[in-house]
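Consider the two complexes below, in which subunit A is the common component and subunit B and subunit C are the respective partners.
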Partner chain A sequence: MMLLRLISWPYVRKHLLRALLTTAGIVLGVAVFVGMHTANQSVLYAFNRTVDRIAGATQLQVTAGEIGFSEDVLERVQAQPDVEVAVPVIEATVQTGIAGQGNLLVLGVDMTGDRSLRDYDLEKADDTIVDDPLVFIAQPDSIIVSRQFTERTGLKLNSKLTMQTMQGPRQFTIRGVMNSEGLASAFGGSLAVMDIYAAQLVFGRGRRFDRIDISLHPGIKVDDARRRLQSALGSGFEVDTPSSRGQQFEAVAQVYSMNATLTSIFALFIGLFLIYNTFSIAVTQRRNEIGILRALGASSGLVKRLFLAESAITGLIGSTIGIGVGILIARGLATYLGTFFAEVYGVGEKAQEVSADPKLLLSALFIGVGTSVVAGWLPARNAARVDPVKALQKGRVQVITEGESRLRRNLALLLLAGAVACATLGHVRIFFYSGYMLNVLAVLLLTPALCIWLGKALRPLLKWLRPVEGALAADSLLQSPRRTSGTVAALSLSVALVVGLGGIAKASYESIRSWMDAALSPDFFITGSETITQRSIRFPEELAGEFRKVPGVEEVQAVRTARILYSGTPVMLVAADLRSLAERVRLQVIEGDGATMYKRAERGEGVVLSDNFALLRKVKTGDVLELPAPDGMVKMPVLGVVLDYSDQNGTILMDRGAYKKYWGDPTVNAFRIYLNAGEDRAAMRQKLLDQFGGRTRLFIMTNAELKQYITNLTDQWFGLTYVQIFVAVLVAILGIVNTLTVSIADRKRELGVLQAVGGLRNQIRQTIWMEAIAIGVLGLAIGFALGAVHLYYILEVTRRDLAGMRLDYRYPFAIAATLIPVILGSALFSAIGPAETAVRGSLVEALEYE
Partner chain B sequence: MNRLLAALLLAAPLAAQDARTIVDESQKRSRADSQRYEGTLEVIDSKRKVTTKKWIYERLGSAGESKAVLRFTAPAEVKGVALLIHNHPDRASDQWMWTPAVQRERRIAFQDRRTRFFGTDFTFEDLEERDVDRSSYKLLGEETLMGALCWKIESTPKAEAKSQYSRVTFWIRKDNYVLTQAECFGREKTDKLVRRIRYSDIEKVQGIFTPRMFEVRDEERESTTVMKVERLQYNTSMPAERFTLQALRRDQ
Partner chain C sequence: MIQLSNVTKEFDGKRTVRALQGVSLQIRKGEMVSLVGPSGSGKSTLLNLIGTLDKPTSGEITLDGQLLSGLTDDQLTQVRRDKIGFIFQFFNLLPSLSCLENVALPLHLRGWKKAKASERARELLTLVNLDHRIEHLPDELSGGERQRVAIARALSVYPPILLADEPTGNLDTHTGAEILSLVRDLHQRLGATVLMVTHDRSVAESCARTIILRDGQVVEDINREPRL
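Let's look at the complex of A and B:
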């Protein structure tokens, strides 16, 4: 402690800017980690809280994916001896059209029994109205809303509220207002309750329920009841606690979560190199101090512990600030993410507040401090090994010894060999990821050597550009590889991250575009909501026949999409008229016989899978899928695998006939409409809207609009990526500023001498600028190479573990080219401050020693 | 409805033979092949706010094995809503509600029988007719109530009846075997009185003594429901098809 106060603290005070910049590396890494995960958790928390509040006294829920089930299941559940109360529920989100109010979550319940489970906490004055279910039920336009909602909208009891339903815009009457606690506060208060049979009608459910909420007789254990109920209902149903819905949501959104984790790790890795770099420099600069300490009897262990304590404190401060910044980031990100999840996955909601998980924050603190200590370990070891005699001699000490270089090179080659070996065993996950890590580590270990080689190669060019300044800048780099290599490593990691993310974005856009061209051939897509992922409002299938009768319509394909559980994971089931689909859609066949598989699937002989389903679930043609349906597990052989990006978790393509047979659900989510050749699309769209818009809620998207919509969703997805790229570049720039600041301080004497012998201020400036540009060039060169490897791995990770997308390797040359001016410009920009410090420094002070 | 409520509360077998005989006799005396009346219902809440509903009630059969339809006629917002009840001697009744606005019937689940019947002070369970053997009871003595000497009998529903009540005490007039009062005690609130039903304006209609007014008092909510029976007829001709779900949908 005393050493920290007497030795470390004065050094930090003297080099405050550098200390801040170093800490900033950890701050950013931890902030990204905390921000992205906290935002994710906040959305999940908001979702869970809504589930909890809606659940009320519900102990178990019976569901069948998103498909729901017929009404008779209710009686089967109610007949179970463990069940005290079982009530049906329908959930749908609708638009109210009230500005700024977003969606309203509508809960369809049977008011005769539902109050046994949920406390509606009605205002006393309304109690007699709503407590009389007769009026509430007899008038299907009855709804109860929350007090928060009435306060926000200015509506009151008996006010009319228009909602977009399957039957078109319909007016509802507010017949009850719930006080703002419990149920009423679910979904941020944007909650309405209506009669379930009216909900069936207006949301196109037919005679089906979405789920059944259950409370058990007192004294019955939930687990036991769950097991008995599951066994009584069969495997076509899921019987679980309300909290399991959160787990399913988590499973659906896991691609985002994994992506956030990977980026955070990368950001922290960059931070690690910044700290390593700073401490390496610090050890070099403080050799005299270390020498004196050792001469005074301090053991090498004590010196090591001193440096490790410094790095731990840096990590602690950086992590603490990072956590604060991360929570701030999460506040902004959570709202965006809630909307984003709702758009991409059809679930999720805006987080009203950020909920920071103490475990996550503790992990962030641990990771931040751990990263810092790991980064400081090598410099601390080097400090401990300092020979007191040599340390007290004047002279340059930045040189990495030949022995050390050789050791690094050999180790790097060993790691590369290990990476190659792992690549041959890449089909095993542990070897694959180990290979990835070994590759990155090998390149990083080679960085000092690469800096020297590339620096030597760069010297003639710099000298040619500016004979004096260029040579000085190149020599500065060559003479202090320890100072440079850490920054170059951090910079190259950032560049590699950008190349990887850019590469995957490029490949994704290309693949999605090509899939859209193959799969999305209809002229119009008719859906029940403006977001195609929202499936809570459905059409009756009879509508297809009515669309067909419209002059100008050539063909109508009815499609039902619903998430079901496959081996405990939510996947997308797509039920369509496969004969018609096969004639119109040309999806790339990965496995199976393209000529026969659709015909066989049409006969109900099996299903066709998306490539990502097959990859993620490790299923191939000929395997038999067991899918949960109301009458038990349906065994469906896999007839083929096609390239389809409809859903990140994979899709099962099934004929509507088979779907209706096994799931008993005739409803439709979307109609794909083909027009006769030469039809005026705008006129046809208007015609359909005029004919059907008044009696059913429908959104007609043209082919181009749907493609644009999907492209926008992809943009949103990669929007997060661009934030990550920004952070990566920012961290790298911090590294450059840090290195140059150190470089100036290190070379104060040298720069002073230069000025004393007639060097112009501009020459000094340009020397530093060129040094910065040289660092940028080195970082770019190594980063481009590392990025090529990183891209290969990230594509593989995406294929194997993230989305199952088989993306082509396309090096993002355009992004790489964009990075050149960005990084060099940033390097130059970050050199301005240090350069000015150098030229404006006191000459007397600089030459004090001479 | 009056018939229903009376049947419910009297339908209890006896541990003591005398009490059972009294109940049995009371049921026999009120028995008819069919019944029809127009009912007016007034619910007076704790703030003395009054809501009124009207319905037509028809019943075919008697003594725990009957079918009944109750169709609301007023006010306008509930007009057409109907309730179909199939009473069984050995188990709880089946009940369906028809809502014309959504053209749907809904089954009233067994679990919901303890819930209030459409905002009134009696429950769906109170609408059931029960076989006498589904409860046991004993004669507590004799008391004068509303100017008439009555038997005071305690009925305890058997476990298989799964009643919301732990016990029901009722008073049956000695002169004409008409039920004049019932006090219902809940299970959850430690045997607390939850509901009191009084039968008055007793008239002899087609040879059957019938109360023309019921007053149900919910002791917890402090509200009261008063039901008046008008245009009462017994043993009129009613086709059995009228008491089906199909008829419920058709005759809206």
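Let's look at the complex of A and C:
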């Protein structure tokens, strides 16, 4: 501790800017980690809290994915001996049309039994309703809302509230106001309760429920009851605690979560290089000090511990600040993410507050400190190996010895050989990821050698540009490969990250565009909600026939999409008229016989899978899927695999006939409508709205609008990618500023001499600027190459483990070209401060500097 | 050639240190002067002020008829470029540049063409008897050889003033004597004004004039026949 105060602290104080820049590397890495995960957790927490508040005293819930089940299931559940109360529930999200109020979560419940599970805590109500729920039921326009909602909207008891329903806009009467605690505070207070039978009608459920909420007899263990109920109902139902809905939400949003983890790891990895670089340089600069310490009796172990303690403290400070910054980031991100999840996955809600998980924060602290200690380990070891006699002599040891270079080169070649070997065994996950790591490590080990080779190649060009300044800039790089290579490595990683992200964005856009052209051929898409992922409001299938009768309509395809659980993971079931679909849609066939598979599926002989489903769930043509349906598991052979990006977790394409047969659900989420050739689309849209808009809630999107909607969602997804790119570039800039600051300190005397022998300020500035640009060029060159490898792996990761998307390898030349001015400009910008420090310092001090 | 009038230099820190107090002196063109005094007497500060590496707190310095007061940093650099050559105790050669490149460096900074600068650098390296070491890096030379390269660099534009800060301080006696002999020889052949800071009495006595500083003031100014 005393040594830290006497030796380390004065050094840090003297090089405060450098210390801050080094710490900033960790701050950024930890902040990205905490920010992205906390935002994710906050949305999940908000979702869970809503689930929890809605659940009330519910101990178990019976569901069948999003499909729901017929009313008779309720009796079977109520008949179970463990069950004390079992009440049916319907949940739907509707728009109120009140400006600024967004969506209202409507809970359809059976008022006669539900109050034993949920406390409505009605503060003002018509006495007759409170006393007798049957009166509430008898008036199907009755609705109860939260006090928060009435305060926000200015509505009060007996006010009329218009909601968009399957029967068009319907007026409801507020017959109760719940206090703002408990149930009423769910969904940010935007909650309404109505009678379940009215809900069935207005939300198109027919004679079906979404789920059954259960409380058990006292003394019965939830796990035991769950097992018995599951066994009694069969595998077509899920019996679980309310909290399991949160786990399903997590599973649905896992692509985002993995993406966030990968970005954080990359950011921390770059931060690791910044710290390694700074500590390596610090060891070199403090050789004299280390020599004195050793001469005074400090053991090599003590010196090593001193440097490790410094890196741990750097990590601790950086992580602590990073956690704070991360929480701030999460505040901004959580709202965006809530909306984004709701739009992409159809679940999730805006997080009202950021909930930072202490475990996550502790992990962030450990990761930050751990990264810092790992980064500081090699420099600390080098410090411990300093020969006290040599250290007390003047001179520098920045150069990497030939022996060390050879060792690095040989090790890198060994790793590359390992990477090639792993690539041949790439189908095995462990070898695939090992190959990826070995490749990155090999390039990083080769960075000093590459810096020297590229630096030598660059020297004539720089010298040609400015004979003195250029040569000095190049020599500065060549002279100190250790100082340069750390930054170049960090910069290369950043560039590689950007190339990878850019490449995947480019490939994704191209693939999605090409899929949209193949799959989205109808003129109109009619849904019950303005977002296509919102499936809580459904149409009766008879509507298809009515649409068909409208003059100008050529064909109507009724589609039912619903999330079901496959092997415990939520996947998308798409039930459509496959004969019509096969005629109109030309999805690329990956496996199976394109000519027969749709016909066989139409006959109910099996299902067609999306490519991402097959890849993520490791299923192929000929395998048999077991799908949960009300009467037990339905066994469906896989007839083929097609390229389809309808859902990130994969889709199962099934004929509507088979779906209705096994799930007994005739409802429809969306209609795909084809018009006769030459029909005026705008006029037809208006005609459909006029004819049906008054009696059912419908949104009509044109082909172009739907494509634009999907493109916007893709933009939103890659909006996060652009944040990652920004972080990567920011870290790269930090690295360059750090290196140049160190370089200026390191070359203080050299720059002083340059001025002493007649160098003008501008000439000194130009030397530093050129050094910065040279670092940028080296980083770009190595980064572009590493990016090519990184892109290959990241596409593979996306295909195999993230999204199951088969994306073409296309190097993002445009992004690479954009990076050149960005990185070189940033390098130049980063050099301004250090260059000014160099020319404004005392010349006398510079010449005396050692 | 060099004129100082009532020059004072103070360094501000936790307390102000006055390194030079009202120093006035005049060095004529072609003189070879040694500047001696105990540590902290202000020798190097005086040399740095004359060399335009630093600015006085008060007083005036005139070099070759040009008043330095009021000049900007770049104007001072111009003065240094045209009129002053430096020889440092620790040579201050750039380790990544060859001898030729080190000597040619000030010429390149003046915008000389590469061929012309190289020709002049070769000429100077021959003058200091290092024509056989032209392409060597400083690390490959002995201390004496490095100082010769530094001297060649200081002479690159044949400046009228040559400032040397302990030029033999980092060399053994024999090499130091060789370097001193070289400086004296160049002084005689090129006619430059030489001001040399030294601790070494024999080096000081080899100059025709010795200025002694103590506590930032000139306490003695000795003119003598140089002892060779």
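Just so we're on the same page, the second predicted complex is superposed on the first by the 841 of 850 C-alpha atoms of A that agree within 3 Å, B and C clash if a C-alpha of one lies under 4 Å from a C-alpha of the other, contacts with A are read in each partner's own complex, and residues count from 1 in each chain.
Everything that follows uses one rule, which is that contacts are C-beta pairs under 8 Å (C-beta built on N, C-alpha and C of every residue); 3 or more make two chains touch, one makes a residue touch a chain.
Not measured: the values here are computed from a predicted model.
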Taking subunit A as the common reference for superposition, should the pair subunit B and subunit C be classed as clashing or as fitting? fit
Please indicate which partner A:75 is in contact with in the superposed arrangement: first for subunit B, second for subunit C, both, or neither. first
Of the two partner chains, subunit B (first) and subunit C (second), which one does A:761 touch, if any: first, second, both, or neither? second
Once the two structures are placed together by chain A, how many degrees is the angle at subunit A between subunit B and subunit C, based on Cα centres and rounded to a multiple of 10? 150
Touching partner for A:413 - first (subunit B), second (subunit C), both, neither: neither
Once the shared chain is lined up, is A:468 touching subunit B (first), subunit C (second), both, or neither of them? second
Once chain A of both complexes is superposed, is A:753 in touch with subunit B (first), subunit C (second), both, or neither? second
Tell me the contact category for A:624 with respect to subunit B and subunit C: first, second, both or neither. neither
Using the superposition on chain A described above, determine whether A:478 touches subunit B (first), subunit C (second), both, or neither. second
Minimum Cα separation between subunit B and subunit C after superposition, in Å, equals 84
Common interface positions of subunit A, toward subunit B and toward subunit C: none
For a test of understanding, state which residues of subunit A touch subunit C in their complex under the given definition. 394, 467-468, 471-472, 475-476, 478-479, 749-750, 752-761, 763, 842-844, 847
In the complex with subunit A, residue positions of subunit B that touch it: 43, 45, 49, 51, 53, 72, 77-81, 97, 99-102, 104, 106-112, 115-116, 118-119, 124
Complex contact set, residues of subunit C against subunit A: 48, 51, 53-54, 73-74, 77-78, 80-81, 86, 88, 90, 92-97, 101, 105-106, 108-110, 114, 153, 156
Contacting residues of subunit A [partner subunit B, same complex]: 74-75, 78, 83-86, 110, 112-113, 115-116, 128, 131-135, 137-140, 195, 197-198, 200-201
